[in-house]
Each structure stands twice: as C-alpha cells, then as structure tokens.
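You will see two complexes here that share chain A, one where it goes with chain B and one where it goes with chain C.
And then the complex of A and B:
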C-alpha cells in the first residue's frame, strides 16, 4: 500500500502526462503557440465536477461532458484565433484562460464554489466498491482486473461480431457497406448501458452499469464488492495508466494518419502545406479541438482525484508549467512529453525543502535549456529513434528498412 | 477526367490552362496589368522576364496564393480564379515553389509522402515513387536523409519530386534553377525535358532565359506586368530584343 501522499503524486504525474501530450499535439506537432492551456484544464475539471454533482450524472458522462465542453471552447477560441499566427495566438489563448478563471470565480457559489473552490466532487474512490479492510488483497486485485478486462474485451468483441453479422445480412438485402454505422451504434448502446449504473455513496457501493448486474448474476462478486484498500488503489492506478496509454496511442495513430501528417506539414511550412492541397485552417482547428479534448480529459481526471479544485490553480502559472513540460521534454516528441511531465511533476516534491525557490529553479532550467539544448531533452526524436530497439521499430525506421 | 486506375487523361493539344486578362495589384502597386496566355497539353511553356516583372505573381495567382482583382483563370473548363489554394491543388495543378519550401526538418521520404497526401490514392503512390527514382536517382539515395541537410540541387530535385507526387495535370515550376551551379542548372533542365517527353505538361517561370527557352515549346516575355513578346522558344531565342535584355547581347 502506497501512502496517500505519494499516491496523489503518482496520480498527478499521470494526469500531467495526459495534459502535456495534449499541449504537445498543438504546440509540438502543429506549431501553434497556445499559452492558455490551463483554461481548458479548468473547463475539463469544472465540467465533470458540475456534471457529477449538480446534475448528478455518472462519472463516465461527466468525463464526456468535460471533453465536449472543451471541444466547444476550442472552436470558440480557435475559429477566430487560429487564423492569426505565432505570438497573436499565444496572447489570445492567454487571455482566454484568464477569462475562464475570472468567470469561474463569478459563477454561482452554490454550484461552482466560487473562490473557495468546489469541495463536494466525488472522488474516483467513491465510484468503487466500499473497502472491507486489508485482507485478501491480491486475490481481489486479480479478480477485479481479470473480470474487468475480460468483460470489456467480450463486450467490444460482441459489438464487432454483431456488426459483422448484421452487415452481412444487410449487405445481402440492400447492398453497400453498413459496417461502420452498425459498430458505432453498438458502441452507443454499450455506453448507454454502462451509464445506467448508479454511483456509490459512503454506505452503498457503486454498480458500474451492466458490468455490475452481470457480476450480481454470476454471484462471484462478494470479493469484488468489498475489495481491500490496497486492491482499490491498484485498480485506480491501473485505470489511470490505461487512460494514459490510450491517449498516447490515440495521438500516435492520429499523427501517423493522413491528417496527422498534414498537421506536421503545417508546422514545417504553412504555405507549402497549402500548396500540397492541405486545408490549413480547418486542419489546424481540428488539431486544436483534439488537443483541447485531451486537456479536458486530464481536467476531468484531476477533478475526481484531488479533494478540492479552485480557480486560482488554473492560472497563468499552470499554463507555464505545462509549457515547461513540453519544452523540456522536446516539442514534437511523445517520449519527451512523458519525460518532461514526470520530471517537472516529481521535482518539486523532491525539492520540497527549497519551497518558493522552485520557481527560480524552473526559470533557471528553462534558460539553461534555451542556451544549451534548445530542442529539449528529446528534440523531435522518440525513444525508438535513439535506441533502435527492434520492438519499437516504426515510422522513420521501418520506412528506411523497406526502402 | 480520372479513370479507374487514377490516371488523368488529357487529350494532346487541348488547352488545359488559359489565363485571360489577369489583373493583380498589391495595394496601389499593379503587379499584373491584364495578361493572357494559354498552355496546351504536352507543352513546356515558359515565362521569362526581369526581376519584378510579375512572373512569380502569375504563378502564385494561378495557385491561389494571391488574389486577383480581375480576369479569368480557366483550368480544364473551370474558372479557378480566387478559389482557395488547397482546392486548386485538388483540381490537378501543382507547384514547385520559388525557394523550394521543403519541409526542412523531415526526411526526404516524408517530404514526398506529404506531397501525395491529399491528392493521391494509395495504389498510385509506389508507381509515382518509382517514376521519380528513375528520373532522380539522387533522390532515392537520399531518401532517409533530413531534407534540410541536402545540397541546393538535391533540394530542388526533391521539390520537383514532391510536386510530381501529386500526379498533376499541369506542373508549375517557379524558378527551378534558382541558386544552382551551372552544371546543375543544365541537369535540372534536362530532367524537365524528360518529364515533358513522358507526358507532363509544364508551365515554367525562369530567370535563366537561355537554358529555359531552348527546351520550351512556347514562351512569353513579361515586362512590367504585361506580356509583350510571345512565340516559340526558338523564335524568342532569335528575337533581338530578348537577346539584348536577357541573353547578354
């Protein structure tokens, strides 16, 4: 069992990794200088916070709400501002983040908490079964993980299998390919089915949607309904870790897709990208929306992780923090984002002794990097570019070998 | 215009681009004062002229990077004047821009792939790459190198290759010989001629009038935003006025 202090540090590191990846997508890969990313983190945090408390929605819906709010905000900011280049965009986004902060201060205190912050947001642990002491930890853990993974895999496989079958039937009947519509509809049904769960309170444990009902039917849920504190902790680590990996994989896939290549082309040379048939403005906006959606996800996780969110935390310093993480790791490097986020998040905890001097250290680090390694630790390289490990072979390497 | 294999078919000798009475002004400065010219399928057409005559403006205006105040640009029976640049590219025009504008931090292969990103279907990609490697063996050698580390001549080859990767009906070359050593200039123009003999229609803007006129079927001379002299390449080479102004007497 990891003590609560370091537990929180680990959670914050994972959230910062997602947050950094989201800014890296905008700043590192597309070259758009957004200096108000904390504003989107705030929208994400308050979005999910309000959705789960005031509106009483399940956690999953809260997270989706955060992401939706951030995408809308990204369009509102991006549509006028992405036509501007460089510094102007930085100033505009900076102003936007401040507006968000002030608005959050001014919104009704009953719902949004005002300057003292929102305290009544359900913690991620509130959504898990109530703990029953420290016995039998490892068995519970294995049960929980195996069941979750198998259940998830089975439902997803079911959607695909059903999609294939129905598509075959429809194809014979009408002709044409319906596969994608069926699968999307299947996932919508799956999500709604999962939303039907109830959130837990101090005495009643949560039913996580259809998974909960299935557990009830099969009767092997006693151990799962009352897991040990340790297995709950590991389960949350696992969930957060999976989200980090999923975000990482989504961004990688996006960057290797046709629009993703276009995004990088825009960073390199906007006019040349236009000349190659890329709709520069629209692609910049799409990329901005995607980056902000991930920032919203990070915000939602943050709201359900720390005990209290207040507007002052989402100020200019937070934007600079994440900028520092991206620049330190290397703009345009996924590995760099991980390294930057982890080091900048853990460093202040290790340097607790120096207190407020850490801001001075931050600036010193930035200046030293500007002088000696302007590209950051990794530049635009990935781990696979540096170590040439065969199982990491992809992108540039793989192309080089088949050329 | 496109058959199932993705090949564009344009009848030999048909007008594929015609510019009619084009006016472009940068604020009060008139860069083009009503120029008209046309390009037929299978031709190399060259615009020559002094600095500031409006050559690059013409190219940029055709590609939609500069808005025109009046006039028509008809490409394959469609008026493309003042369309968005990315739409024009999707119609089948592609430009190898002045100063090359490569993606300097990406590898040569990535440059080429981004070249065919939007306009090319997958099956055609390898075919075009092979074509390019045959034309420019040097590009194949440098495939994994970062484009910014190439020499000027190699960068120009990559820029032209990137334009070819879009499989255009009309290839626009803006100053392909800019800043190259004389022997490289020779090589680039030979390649342009080979490209043309393989069926590409080419509109070229050039400072190096002598080399450019030798390979072009037709040519126009641009002066102060107007087209004054036109004719076949050989005619312009023999024209005393051109000789005096551009070919050094």
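And then the complex of A and C:
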C-alpha cells in the first residue's frame, strides 16, 4: 500500500495532468492565453462540492454540474474577450479568477465555508465500500491489480469498438463523420459510469461506480465488497486513471477532427483561418469552453480528493503553476503536458529544502525556457513523433501516410 | 489644438457608458452591505479618496498604455516595477532623512523629492534592463511567448522582492525605540549601581542630543579596537525591530569609544583593557514628522465646509493635493512630450507601423527602451506616493494596482495618455465609492467587472481609435 502522502501526490499529479491538458488546449493548440485558469478550477471544485453536500446530488451529477458551471463562466469571460484580437483574454481571465476568489470568500459560510475553506465534501473514498481491515491478503491485492488492468483495457477497447460501430451506422444513415459527438457522449457516459457510486451508510454499503456494478455482475464481489485498503486505493487509481485517459483521448480526437484542425489553424494564422472559411470567434469560444470544461472536471476531482478546499488555493500562484506545466512540457503537445504536469507536481516534494527560492527558480525557468527554448521540452511533438514505434503510429507519421 | 481635438473626441464618445461606469458602483454600494447609502459628506470624502487612488492608477496606467501602444505587449512586470519604486523610495527616504535631514538640516520635502527622483531613475534603468534582457530577444517571436515571459519577469520580481525585503510589510510608521541593553561577550563585573549610573547618563546624553529630534536615528554601536565579538542575536533583533544597521567588524575596530557617547550610546571599558563589558542604550520615543507638517509634527491640512459621517468637517491634507497636482503635471508634460517632441513622433510612428518607422530612420530599439524608461519612472513616482500615503509597503503590493491600472488603460483606450488619466480616475473613483459604501472586498472584483463590461460594449476604450486589422 502506498502511504497516504504519496497517494495524495499521485492523485494531485493525475488531476494536474487533466488541468494542464485543459490549459494546453487553449494556450498550446489555440494560442489564446488564459491566465486565470485556477478560477475555473475553483468553480469546478466548489461546484461539485456544493452539489454533493448542500444539494445532496450524487457524485457524477456534481461533476457534471461543475463542468456546466465552468462552461457558463467560459462563455461569460470568453464572449467579450475572444472577439478582440490581442491579449485581453489574459487580463480578463486573470481578473475573473480574482473575482471568483473574492466572491467565494463573500458567499455564505455555512454552504461555502468562507475563508477557512469547505471541509465537509465527501471524499472519493466515501463512495467506496468500507474496508474490512488493513490487509486482506496479497491475493486480494493481486486480484485488484489484474482486474484493474483488464478492466481498463476492456473499457477502452469497448468504448472505441462501440463508438466505431455507432459511427459506421450513423455514417451510413446520415453521411459525415460523427466521431466528435460520439466521443463527447462516451466521455459523459464514462464519467457517469465511473463516478456513479453511491455513498455508503451504516446499513447500505457504498458502490464504487461502474467497477462495483461490473463486480456485482461477475460475482467477484466477495473480495471486493469488503476490500482491503490496498484494493480501495487501486480502485481509486483506476477510476482516476480512466478519467485521465478519457480526457486525453477526447482532446486527441477533438484535435484530429475538422474543428480541431481549425483550432490549430487559428493558432498558426488567424487571418488565413478566416479565409479558409473558419468562424474564428465561434471556434475559439468553443475551444475555450471545452478547455474550461476540463478544468472544471479537474476541479471537481480535486474537491473530492483533498480534505479541504480553500479560496486562497485557487489564486494567481495556481494559475502560474499550470502555465509553467504547459510551457515546460511544450505548448501544443499532449505528451508535453503529461511530462510538465508530472514534473512540476513532483518537483516541490523533491525541492522541499530550497524553501522560498523555489518560486524564484520557477520564474527563472519560465523566462529561460521562453528565451532559449520557447517550445518547451517537447515543442509540438508527441511521443510518437520522437520514438517512432510501430504501435504508436499517430501524429505526423500517420498524417503523412494519410496524405 | 490638442484641446480642440480632445473636445471633438469627447463629443463623439458615448456618454451613457461613463454614466454607467460611475453609477454602477453607486447603485451597487447602495444595495450593498452598508445599506444606509451615502450622505453628501461621505460621498465627497470617498470621492476625494477615489481621486488620490485614481491619480495613482493613472500614473501606473501610463506605463502600460505606452508600452502596449509601442510593442503590443502587456507588461505584467509593470506593477512590480511600481512595487520596486516604492521600496527604493522607502530606503532612499530613510537614507536621505538620516544623512541630509539630520546631519545637513535639509528639509523633509527636499529629502522626499530627492528620493523620488533617484528611485524614478533606478526604476527607469531597471525597466530598460528588463526590456533589454527579457523582451528584446523575443520581439520577433510570437506574442504569447513575450506575454509568458512578462508573467515570468513579474513573478521573478515579486519573489525576488520577498527574498530581498522579507515577506512582511514594511512600515513608514514612527518607531518607538525603547530602552534596551546590549550585552557584549566577555561581560564583566559591574555593580548594579554602576550600571544604573551609566544608564542614566546615557539617557541624559540622548535627550540633549540632536538624535532625539530626528525621525530616523542611526545608532552606531562600536566597541574598542581589538575587542572580541558581541552577541549577534541581539544585533539582529535590533536590526529588525529598530532598523539599525549592523556595523562591519573592520569598521568597528576603527571607531573610537568617544563617538559612542555623542550619539546616544555609552559604553564602559576598563581603562587599558580591550574588552567592552556592556552597553546600554536609552533611546526615547521619537516621532516621524509627516511631510508637509508644521513644527509640532501635525500634518498640514485644510478643511472643507462639509460634514462627514462622524460630524466633523472633511479634512484634506495638503499632501493629497500635492499628489493630484503632481500627477496632473506629469501627465500633462508627458502628453506634450508625446505629441510635440521628436521622441514622441518617432514613438507614435513606431506604434503605427514598426517596420515603416525603421525604414524612415527611427532607431526603434532606442525608442522602445525610452518608452520603458518613461513607464518605469512614472510607476516609481506612483510607488513613492502610495508608500507615503498608505504608510506601508510590501513585496506583493504591485499585483492588484498593476492589474487595475491595466484595466484603467483599457477603459481609457489603450495607447492614449488622456485615456490613461480618465481611465485611472474612473477606476479610482469607483473603487473609492465602493469602499466607502462598506463593500471593500468587492472593490477588486468590481474593477474586473468593469473590464469585462468595457470589452463587451466599447473595446477600444473611451479615447481609443477604431482600427481594422490588416492582412
């Protein structure tokens, strides 16, 4: 069993990956600068927190609600700013994040916690079966790991097989490519399925979302209904990992779709994109909404992972953190986002001794990267562009062979 | 002719917008927590506060608007230049008061002027350095890279400031020095009666000395040549509490003990031996006389014949009047500089089309550096004013005023100096009114709400020109 400290670090890394991907979609792929991304994280966290505690909604509804809130907020901020050229979005989002922080401080303390933070949000573990004991034996652990891996593979394969089938059917019936709608739907289904667990009470044991139902079906449940602590941990890693992969796949597919190519075209040259018949403003707004939706998802997961959310945590510092993750990894590279998020999330744990110089170090890294390697570590390359592995035939190779 | 042009522009300006921006906070604040609404007195009082804030925002906004006009970069670090201006001004004022006011008898106003000028020069140099090191290499690359660098520079200055000046706010407040005792290493036998005698003598010395009349006492603690070290913790705590300076060891050796007594310290060393056993300082309370004060240390002010909420006449310190006047003069002078001088013409040419300006023989690098220098100097002046007005500065003080000043620049129309002035006043007055209504927390939020409203309805700002992007 991984100790709680590193467990939390791993969770935060996963959440930061989603958060970084969401900013990368806006900053790296579309060239729009959102400098208050932490504001959307805050909306996500408080949205889901309030929905699940004060409103008593189930987990998936809380997550969907925070995503919806973020999309609305994205429209409010994005509509005036994205119409204009220039860097108004950066200032407006920065100001918007500040407004969110101040408003959260001013909202009623009973529901929102005020400056001391919101403490009573259900942790993700509250939605899992109560553990029988500290250790249920090595068999349980091995079983959980194997189950997780097989389940992961089956889910991914299943979702794509189903998606492909659906796409084929729809193509025959209506013509055109429906992948993006299917992926959106699949994404929502995946979140609902993964997070549709019910909170356990004294008499009714909690159900861990889709994994619990599947286990019920296959009667694996004797081991899992009263899992060991390790099994619970693995289950949560599994759920979060699935969501990270789903987000990754969704963004990848979006970027390979027609509007996704348009998004990249806007980054390259806005005027040329206009001449290609792209509705630049509308596409920028859509992309911004999508990125903010993912930030909201990250925020919702964050609320259910850490014991306490405070308005002060979603300040300018958080926005700079995520900016650094995107820049370090490479603006316009999914792999880069992963690398940036993992390294910047783990770095503070390693650099504990450096103390207050850490922030100076961060800012120097930011400046020096911009001066000498503006592309970040990966530039716009993906892993498949660097290691040309046959089974990773995506990115430029695939594009070249397509053309 | 300039005036005529502005009147013409103002006539074309949509008045409902200004009314909206000014009325919104009033309406919001009437509905806010305060509830009671404004009386005439509190309205005037908050308007005056808003005027001060507004002139400071206008000064900061100037740097944003000039730099944005020339290289289309939001210089995020500008707010931190303003912070550094406040800090350099703080230390310079301390220094000038010690060495010019105390020793030379030069008046406090001149000390302030000198420290403002020097800190403006320093900040201008820093802004130019920043441009040279961080922004110039990126002029050819994408705008987003430059913007991220600006954020990085801002972050660097903030955190560097925290490390250099400490995270706690520094205060201009008069310090209260109390009697304390220095215990040197190697302390020796002195009876209490003897100690008391020396202590009393020290106190007498101090009260009759020049030191008791000065706001900043520079107290040197020296020991006789060859003496061993003193307790370093004590010196440190002295330094933090009272802003005293630690004297380098080699300097200590050269100072003679006689110097001590004359500036408020007394030590006692055994004749012929080299050890200093102890010293006791007796420094009485002292007051910083505010700038523009009479000989009793009262701030000079005049009263308006309007009663405020407390039932007194509204008191306006002359310093506040000076702030507004100085800002107005600076903005006016800069406006002339931009509109009439060769530098202003080349700057405007640059902002219109950089390549064309280069072809016409404008030294673009030089002009950009000069623009940064002007912005930095104005921010430093604003920082000095705010430091003395709030009596307190801290390393993160630049973030919010910087952002609000940018909003002010956008409200006024980015690239225009009268726009910066008007925008700054709008921001300042609306903030003053919101704060006066008791919704102080909401003042920051409102600034950005104004930004979003402006971008929604009149993105070019009040004095902005409508430009169409060309291929």
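One rule holds in what follows: the second predicted complex is superposed on the first by the 312 of 403 C-alpha atoms of A that agree within 3 Å, B and C clash if a C-alpha of one lies under 4 Å from a C-alpha of the other, contacts with A are read in each partner's own complex, and residues count from 1 in each chain.
FYI, a contact is a pair of C-beta atoms (placed from the backbone, for glycine too) under 8 Å apart; a residue touches a chain by one contact, two chains touch by 3 or more.
Note that the structure is a prediction, hence the values are computed from the model and not measured.
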Give the label of whichever partner, chain B or chain C, reaches more residues of chain A. C
Scan A:171 for contacts with chain B and chain C and give back first, second, both or neither. neither
Can A:116 be said to touch chain B (first), chain C (second), both, or neither? neither
Once chain A of both complexes is superposed, is A:374 in touch with chain B (first), chain C (second), both, or neither? second
Can A:271 be said to touch chain B (first), chain C (second), both, or neither? both
So, does A:280 touch the first partner chain B, the second partner chain C, both, or neither? first
Touch check for A:256: first (chain B), second (chain C), both, or neither? neither
Show me the chain A residues, by the header's touch rule, that chain B contacts in one structure and chain C contacts in the other. 271
Chain A residues touching chain C in their complex are 27, 31, 33, 35, 76-77, 79-81, 83-88, 90-92, 94-96, 98-99, 102-103, 105-106, 271, 316, 320, 323, 327, 331, 356-357, 359-360, 362-364, 366-367, 370-371, 374
Contact residues on chain C for chain A in the complex? 72, 74, 134, 137-138, 141-149, 151-153, 155-156, 159-160, 162-163, 399-400, 403, 406-407, 410, 441-442, 444-445, 447-449, 451-452, 455-456, 459, 469, 471
Counting only contacts in the complex, chain A reaches chain B at residues 258, 261-262, 264-265, 268-269, 271-280, 380, 396, 399-400, 403
Any idea which chain B residues touch chain A in the complex? 63, 65, 84-86, 89-90, 94-95, 97, 101-107, 109-110, 113-115, 117-119, 140, 143-144, 162, 166
